[in-house]
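In what comes next, subunit A is part of two complexes: it sits with subunit B in the first one and with subunit C in the second one.
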Partner chain A sequence: MPAVRRRPWALRRTARLAILEGGRGMEHTFRKTNIMYLPALALFLVFVVYPFFEGIRIAFTNWNGFSLHFKYVALTNFSVLAGDRNVRTALLNTLLYGFGSTFFQQVLGLAYALLLNQEFKGRTVGRTITYLPVLISAVIMGYMWYFVLQYDGALNDVIALFGGKKVLWLSRAGTAISLIVAINTLQYLGVSMIIYLAGLQNIPQMYYEAAVLDGAGAWRRFRGVTLPLLYPAILTSVTINLIGGLKLFDVIRALTGGGPGYATHSLATLLNATYFGSQRAGYAAAIGVLLFVTIFAFTVLTQAVSRRKEIQY
Partner chain B sequence: MKRLGSVVFLGLVAWCLAAAPTKLTVALNFPATDVTFTNIQSMAAAFVKANAGVQIDVVNLPDYENTMKTKMAANDLPDLWTTHGWSVIRYSEYLRPLNDRPWFARINPAIKPVVTDAGGKVFVLPMDVDMAGIVFNKDVLDQAKVNPYAIKTWQDFMDACEKIKAIGKTGVDIGGKSGDDRWTVGNFYDWVAPSFLVTNPKSNSVASLKDGSFDWTNWEPVARLLVTFRDKGYLNPDYTQGTWQEVGQNMAAGKDGFGLFGNYLIGEAKKYNPKGHYGFMPVPAAAADDTPSLITGERTAIGVWKDDKAMAVSLKFLDYLAQPANINRVAKGNAIPTGLVGEGYKTDAGDLTPYFEKVKGYRTFPYFDRVYLPSGMWDTMCVTGVGLLADTMTVEQAAEEMKNTYSTLMAR
Partner chain C sequence: MKARSSWKIALTVLISAVAILPIYITIIVSVKPQTDLSSFWVPPPAISAENFAGAFVIGRLATAFMNTAIITAGSAAMVVLLSAMAAYPLARHRSRLNAAVTTFMLSILMVPGLSLLVPLYVVLVHIRGISTYWGIVLIHVTFNLPLAIFLYLNFIRAVPRDFDEAALIDGSSVYAVFARIILPLLKPVTVSVIILCGVAVWNDYQFSLYFLQSPPMRVITLAISSFFAVSGGNTHMAAAAAVVSIVPITILYVVLQKYFVQGVLDSALK
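Up next is the complex of A and B:
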């Protein structure tokens, strides 16, 4: 019986059908996946993308935040922003809160991670205690510290007990800003600790063994093995903490309200005060644009600088 | 059959909707523990009892002012709400004019100019009239041998504070905490500014404040007085961190002589020491050729949303609140004059009655920021005041800040 020879057009048809079937299969899988993330996409569009563009639009108006009437004022809000002393103060404070907190969170977070990566009794308790402040609402944290630092608070009570004079801790700009950085550091250094712990546990022991064999001491091993191989964790931790620090709001609101005067405002709290307090929603939106650009620029810069030093192993 | 079923179904739905009670929401800026809130709540309960098919929710919105601003932006407002001094400048865009109500002609002349816009429209029922001077603790003043009614100028006031300081007490509790209590410092300006800029018939800045040509270097003496009080030690020791609650507590405990607040400070002090002796005096003048005066404004003023879906019921409830028994009750609770006058309306200020008698005849002026400044400047007043107290800004910088905000808001 002769072999059945398929005509070329039939072969091409078969191949086309096979491709189509395979394509339809892929298309079917693709469509199912699309539908699965539609709700998340919808929420993202409604609560992130739309408000983002709406905020930019409002930045070009003189809207007071509640009136039915407003005018488009072109770049007026941005030109006022460029010369506003209070915005400059808030921008500087934002950078202090962001970079100041981040620096101390990395140093302390890594120190705790190195310590709590050792084998000893109670290290789980230690890790839990270090991480616990992260779980507290930032507003609650701010108010807790307010009750400690206020004029008739716990700290001044202790000072008075030893015969000292009570201090207005939150009335001096420098002291208040330092305290805000300290409280934010204390609250979120647990995040850095967790990230660094994960990073440390992913470093293969053989590198340390090789370093020991080569005669490297503890500091040399830390500098030559631990740090370079921790760069992905450093990048992650710095990015997360920097974004959190740059958009700091709750602690400032609870502790000082941005005062005294405008001295401790961040861009986020100044935006809030300008919108609700001064009823200048258009100008507040312009501050919001500045805040977005600031966070975006520094995040991209941090990522670019850190990526260069990343080591693959 | 299907069509009959649909008709029956639609009929049932219509009947359910018709039978559903009319629900009103009344938003008050007073906390639920405040006497005004409880009074209005019980009035609402009585109205509901007398009007079948009506439900009224009396609510205190958290962070009232900002919540109301958000609701206005969304055009989603309660049926009725209190306007806390801003019925004309801030809320009138969303309120129904009430000139056609039966009680309109009875509005107290003391409050009428304050609640009337340039076109003669009134947007609220004023249930009482805030009549404010400077609150004092009588026991402290007696101990320091200070006669509050002999105080005519701010220099006399500072001399009185010196006497109070000499007996180991604080002259003035200003509160002072930035954040939620910064309004306590803004109050200082609201009390002091008129004496420098408004009350003196021979020399004032009323016209320039209203037409936007005000020279803000004239604000510097007002700001300087605050700094002088601080430097001379007349303020509470925690003058940048004192809270409103502490102002009340200190007044009740006899730690302070004076408070630059309305008579609600007396209500606050009485919570801690109901047996204390408190009174109020007129606000001193800035110059010797001027005389002390009082401040008036809205305290409990209620308006109706212009787009209210239950307009008829809301207006009926508002007219019910305007009845003499209800007006008298709310005014008595705040120990201030009634917002409506005439037959049946009677002011009963309780143990403050002798003080109201003493200040009869003094001129009254509206709250400074509500009439002479654009809406939105209150916050700047508060923030610059706290900044001055904490030395984070100078008097000139504070005046400059006020000028910048003023110019921006006037230009809108």
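Up next is the complex of A and C:
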């Protein structure tokens, strides 16, 4: 039996399998454990799958959120949705928040990582402090920034110190949206930084040595070695930041509450205002469907792009 | 050499300052009496505790802390238990059914809980879960489970099956194998799961805003936002509440930093 002599464990394993469960085998033993995922499955069915379809059903009604009476109104909610200026603003803002923060989080996160990956005194403290904001609740972070941005706040004090005029930072839509993007970026760029730091540490030093031998300068080394080898890290970071940004809710609630008017609402805050503020549950559910489709579409899109462009080394 | 690293240190000081700017300003506001109209940049001559006392009394911060701790601990414990249990058969018994179940569970990672707000609220009203500990815990558990299952799944798949099989040969039941052999091995990833889920639940605002509507059930984030909404601008007390609320997580983070960072990397790179 040459095969057995070469792989002695093969026989032992078969024998073991035969003994187990009167010969019915290991797979049967493991199959029994399938009941262990039933609790998780039950939660998903009750709190995700059922609400998902229930949400679509409610989106076809004129329900107000508490009454026992409601009518099915076919596609009315969706056709109103398509022509609703506030929804269009919120959708545009959602994309601005999502893509705006994602872009700046990558640029700054990578810059921070490149800096804090160098050997120098204080880099560990630097990493600790720059990551800290990630762990603070976004709504509390929003309120903390409010002390900086309010009329008698820290920022206007600086402007006044240099003889400038105080500014109502949050009362103009464009400024407010930019500030919300900036605050979200500053809070969560630590996530990108950590991912990029790990990515940088995974790049074998020999690639850089080879590049130096070829006479590549710092920029060429960055473009030719660092960036392509960071590609998987970039995709992960982009996906995480994009989903977070498209869901933006807390900072907006804390800083502007969607105002002035409806100018800074995201889909998530508009949904809240429509449901609890105006008690239009059917219409809010329709906004929920739009929010779901938006996030789902962009997540799938990034995944698809990442699979197509995966670089092999 | 020294000259070359000094600009790095300067830059690091700058980005660190930007990161903690809002925290610094909030601390200054919190230790000043509301009558002190000086700039938020300038520390007061004497530190005042009145805002903190007020925050605890008027904001019922102690209750809010208690609620947040109960909800966070309950959610994290349930997530660990349910996700480790769910991941075991999915990692060990490879069948077409289980492949489908895995895909289904992981695809829930892409479902934003917020988009299901209206129907979720309806479900919770039906099962009388609004403003209860168990109601909000079940919601948190549901939306934190997929990531935890993902982490455990990757981890258990990396544990050789021989571990399980050897113990089965010795006559253990498969559940005993899970509890006594696999579960202890999962410790590092369990730390990551607890941290990721704990931070998410501790900091949650959106779900709590909807599902914890009665004042005695308020969590910290709701208590703080109520200072801005109701008191019409006792911002100094709000600042004190904000400072108190970030203390526990900051201490935990500084002490257990390694694990916090590992948590992010586990969730991102595997």
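The working rule: the second predicted complex is superposed on the first by the 272 of 313 C-alpha atoms of A that agree within 3 Å, B and C clash if a C-alpha of one lies under 4 Å from a C-alpha of the other, contacts with A are read in each partner's own complex, and residues count from 1 in each chain.
Just so we're on the same page, contacts are C-beta pairs under 8 Å (C-beta built on N, C-alpha and C of every residue); 3 or more make two chains touch, one makes a residue touch a chain.
This structure is a prediction, so every number in the text was calculated from the model and none was measured.
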Between subunit B and subunit C, more extensive residue contact with subunit A: C
First, second, both or neither for A:R253, with subunit B first and subunit C second: both
Partner chain(s) touched by A:W145 [first = subunit B, second = subunit C, both, neither]: second
Touched partner set for A:G277, first subunit B, second subunit C, both or neither: first
First, second, both or neither for A:R172, with subunit B first and subunit C second: first
Touched partner set for A:Q205, first subunit B, second subunit C, both or neither: neither
Which superposed partner A:L68 touches (first subunit B, second subunit C, both, neither): first
Touching partner for A:V289 - first (subunit B), second (subunit C), both, neither: second
Residues on subunit A lying within both footprints (that of subunit B and that of subunit C): 65, 150, 152, 253-254, 276
Of all residues in subunit A, those that touch subunit C in their complex: 13, 16, 19-20, 26-27, 29-37, 39-41, 43-44, 46-48, 50-52, 54-55, 58, 65, 112, 115-116, 118, 120-123, 125-126, 128-133, 135-141, 143-148, 150, 152-154, 157-158, 186, 190-191, 194-195, 198, 232-233, 236-237, 240, 243, 246-247, 249-250, 253-254, 268, 271-272, 275-276, 281, 284-285, 288-289, 291-292, 295-296, 299-300
Of all residues in subunit B, those that touch subunit A in their complex: 65-66, 68-70, 72-73, 75, 90, 93, 177-180, 182, 237-238, 240-242, 375-380, 382-384, 386-390, 392-393, 401, 405, 408-409, 411-412
Interfacial residue positions of subunit C with respect to subunit A in the complex: 5, 8-9, 11-13, 15-16, 18-23, 25-26, 29, 37, 39-41, 82-83, 85-90, 92-93, 95, 97-98, 101, 104-105, 108, 110-112, 114-123, 138-139, 141-143, 145, 149, 161, 165, 168-169, 174-175, 178, 199, 202-206, 209-210, 220-221, 224-225, 228, 235, 238-239, 242, 245-246, 249-250, 253-254, 257, 260-261, 264-265, 268-269
Contact footprint of subunit B on subunit A as seen in their complex: 62, 64-69, 71, 80, 86, 150-152, 166, 168, 170-173, 253-263, 273, 276-280, 283
